[in-house]
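Comments concern the structure below.
The letters A, B, C and D name the chains in turn, as written, and every chain counts its residues from 1.
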């Protein structure tokens, strides 16, 4: 157990020192997570609504593509984005490889299908007749869609949280396209891999604590919000 | 109150899901301010027909007319004249006021007027002052009242109700049925009411359409259809006897004498001597007396000798099938009557009913059918001697 | 067939969910081979009571006895004597045969015998040869037949049916109700039947318990409870009139003369002169005649002068409330009678009904209550003069 | 686009060469995936049943712990397993660090909460009254549980597939506890990270194709099985 007690002591000191390479890592992590989740929200929620609550020609193909994307390993996405952004790649001239932008692009490709898929499941539980009810009161198609998303808002929130969680937790894609460059593209997950492979358990553990706090706070917020929302409705 | 209702008419409506024809209705019409019940068993296409009439679903073929003007599925201004409530109340998250406000907001009703309308609508459905309650706290009956208020507050010209009472227990159902009926009549809304319960249909509707497998098997004024269904299936579904066929042998002064297998049945109507007619009488209008009883003259003009062929329970009553010389008729009597009079298959009785309780129409293949006196339907499958 | 049924008795059953008391039943008993209907509105605790009696849920307090032996919630051998079917058929994935086989396999019935039993059970519910159909292809009524076969094939001593017909449309309901009733009687199973529909209860049950808010408000033989409910709420729920109170002024030869507000009502029973009694008559047993009509003597011994105070629709019938000198009684008449006789509030009529249709019991506070002649309930809230 | 065409050509050659370091990598990947999913199935399905279909004291805490575990980033799990297995750690004497066993342990910690959580959701959709129905026909508690799992079998299958998918796709945990040792603990994901960071796009792409084939075949099998199962039931 010695390894734990020692490491925890050192990790605590590192956390409260405030100096060191920790703060840039945290900020980069949050920056990537925020923008890739925002993009995933903007793209994924309408996609999820179309898949879950409407019937159109080609819908099944659309669903199959989304499911397939959800099954693609992050390292594969990382490699493909890397190849596209590499100097010989189609977008090589923008010089995005090993930048935060590259990580946001890769993570958006991961968060979008997750948010779309979970949103589809959530809006799919809203009865079709509720939409007919809104229509019968004079709602347009767009107003119907807003109502359905509002009715399914707990599920949509969980979908966004699922996308954000995957982006925060994942390491495969950012490790490849970001390159884990200190002070630039190093994020919590890539830093943990680096420090633990170097055997610096104290620093790795300190980083883990921060990552865990972020991940679990997100989780706790969702749980709390669902309980709160259910309770206030039944009051 | 002024008449809100518009005349709703439809021609040639068709809708299939895959290979299955769900709706195939040649023609129907509900006059402004009247109530049409769509009656039929599960899977008959009742709800789909209602959705099509309410511009909520697109038919594969056919046209709907509102006050004579053809309206299309995407016609927003026509939809603004309509409102609906379903078997499940489908309340939206939020308070009762949020729900009742929904359609008003879509119509850009200013908020002061909106609050007033909501308050009036809630009072009319018996939920005065309930604005701020959450919808998850409501019982089934209360939720259904909110759903009605939400539709009614829009003062629609045509109101669509899809089995609004089917999920409720009998106490809540009884209370709501009379409130719904009162509100519909007060506002003179044209109403289309889907139900599988003939009691509800009779309580609430002026006209009936009976559906089976997507098609109309009977249309007409409620009591005409109930009293003289056009075929065996409909008769069974409505708990009526089958029609008897006979010939008009006396006619005059609105009174008809009809010979049915040698027995004479008196009815009210204006058919001519020699015409062949179908005759029906509701089981609840037929009284039974013992076979040898000496019944004094009374307003019950028809007395038929009959033999009981079947006795079965029908809730608190018994349904008794009788063979007369002219065919089968049915009677509904209480448990105590069955026991006291020893009503059992084989027993001889006298079936007594009034001339006014008898429905009459021309038998098929006896010249062209006549149009109904009230004539709300352009295609009247069932019609009677009127009243 | 031999008698399968066991006597089911329960004492002091209590069950709460949180602060809400869902079931609080002092005592009930169903004799071997008889059918008890638990009747009441939604939320009255009917289904929970059935689950407790069927050893499916654990009560907070109370004991259940099977043929006099106390049985506990975890008593597997007692549970093997029971079977249940619910409002939703809850069929398991697979074929019909898989479903009907489920309980037989748990009882380790050998496969040849099992196949035979399944085939017989399916034939009895009208699904002969349907063994290999998938359950997802069935209509609501067919699925409910499979659910009954799955319970019945176990030849249970006590069968529990929880609203088995509530989800069906009237056609399917009618067909199933008579089949269910026949099968229960053929096998002499003791049966507990939950419903919110008094028509179903009357058609199927020997005994009733009416529940409200978890408590029993009336228990007894079906026709006693229906004819003379113990209080206003129950009377309203059962569509009966309220009880009238009077004094026995003539008694002898099983016939009672009861003075009610100066009018004399004849009933059948064995009470003594001077006793104060409550009297009830079902609306469907009351005929109306015009106020001045000269009604010849007949077996309908009771004629009361009455004034109409209320007329409302009750499905295909009208429910008419009448004021007599002794209190309110109700009658149910057809649409045509209402129109022909001009039945409207204020009109004077004669209410006619037979002595045998009148239910009588001692008024409260008039000495100890007597036990019922049939006496299946240890705690009879309602009892009548019998027949 | 040149980078793609060139790489695809090289990747194809690598795949059909049959030699090279590719086959040990594939076999190690499948070995880790199989054993960690098997362990996740054995542990997760009963846990999921308890959470989704029963009511016991402490159930909410149990659910919260499972949800929390699902939210823990794989790199954190990797680090913790590494510290436990490291020479100074409590299980250091077994010498498991940088072995396939270490990877199986870490991946089991990832697959189990996923399988448990998804199983709980699946059995939660089976109506409680269906269990009362089974009970009323004479089923014991254990027989009831089997019936419920059988009724929810599509959902349970999806749960197992979800666990397997996470194990195959993930890189964070195995990178840390396996160490990406060639011929021993190198798996597809870690090899892709390595090759793409070395700039050997052709080899990385070849590995990606194999990983994708495995991941998408799993996905396609689940989709097919669900359709097949629904169709045969409605036949």
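Simple rule for what comes next: a contact is a pair of C-beta atoms (placed from the backbone, for glycine too) under 8 Å apart; a residue touches a chain by one contact, two chains touch by 3 or more.
It should be emphasised that the depicted structure is a prediction, and the values quoted were computed from it without experimental measurement.
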For subunit D, the least number of touch steps when starting out from subunit B: 2
Reference subunit C; chain at largest CA-centroid distance: A
Mean-CA-position distance for subunit C and subunit B (Å): 29
Cα-centroid distance, subunit C relative to subunit D, in whole angstrom: 56
Centre-of-Cα separation between subunit D and subunit A, whole angstrom: 19
Whole-Å separation of chain centres (CA-atom averages), subunit A against subunit C: 59
Numbers and ranges of subunit A residues touching at least 2 other chains: none
For subunit B, residues contacting two or more additional chains: none
Chain contact topology (line, ring, star, complete or other): ring
Touching pairs - complete list by chain label: A-B, A-D, B-C, C-D
Of all residues in subunit D, those that touch subunit C in their complex: 127, 129-130, 132-140, 143, 147, 150-151, 153, 232-235
Complex contacts: residues of subunit C adjacent to subunit D: 51, 54, 56-57, 76, 79-80, 82-86, 88, 90, 92-93, 102-103, 106-107, 134-137, 150-151, 154, 160
Contacting residues of subunit B [partner subunit C, same complex]: 41-43, 139-140, 168-172, 178, 196-200, 202-203, 223, 226, 236-237, 239, 282, 284-285, 287, 293, 296, 298-299, 312-317, 334-337, 339-340, 354, 356-357, 387
Subunit A to subunit D touching residues, read off their complex: 1-4, 7, 64, 67-68, 71-76, 78-80, 82-83, 86, 88-90, 165, 168-172, 175-176, 179, 189, 192-193, 196-197, 201, 204-205, 208, 211-212, 215-216, 218-219, 223
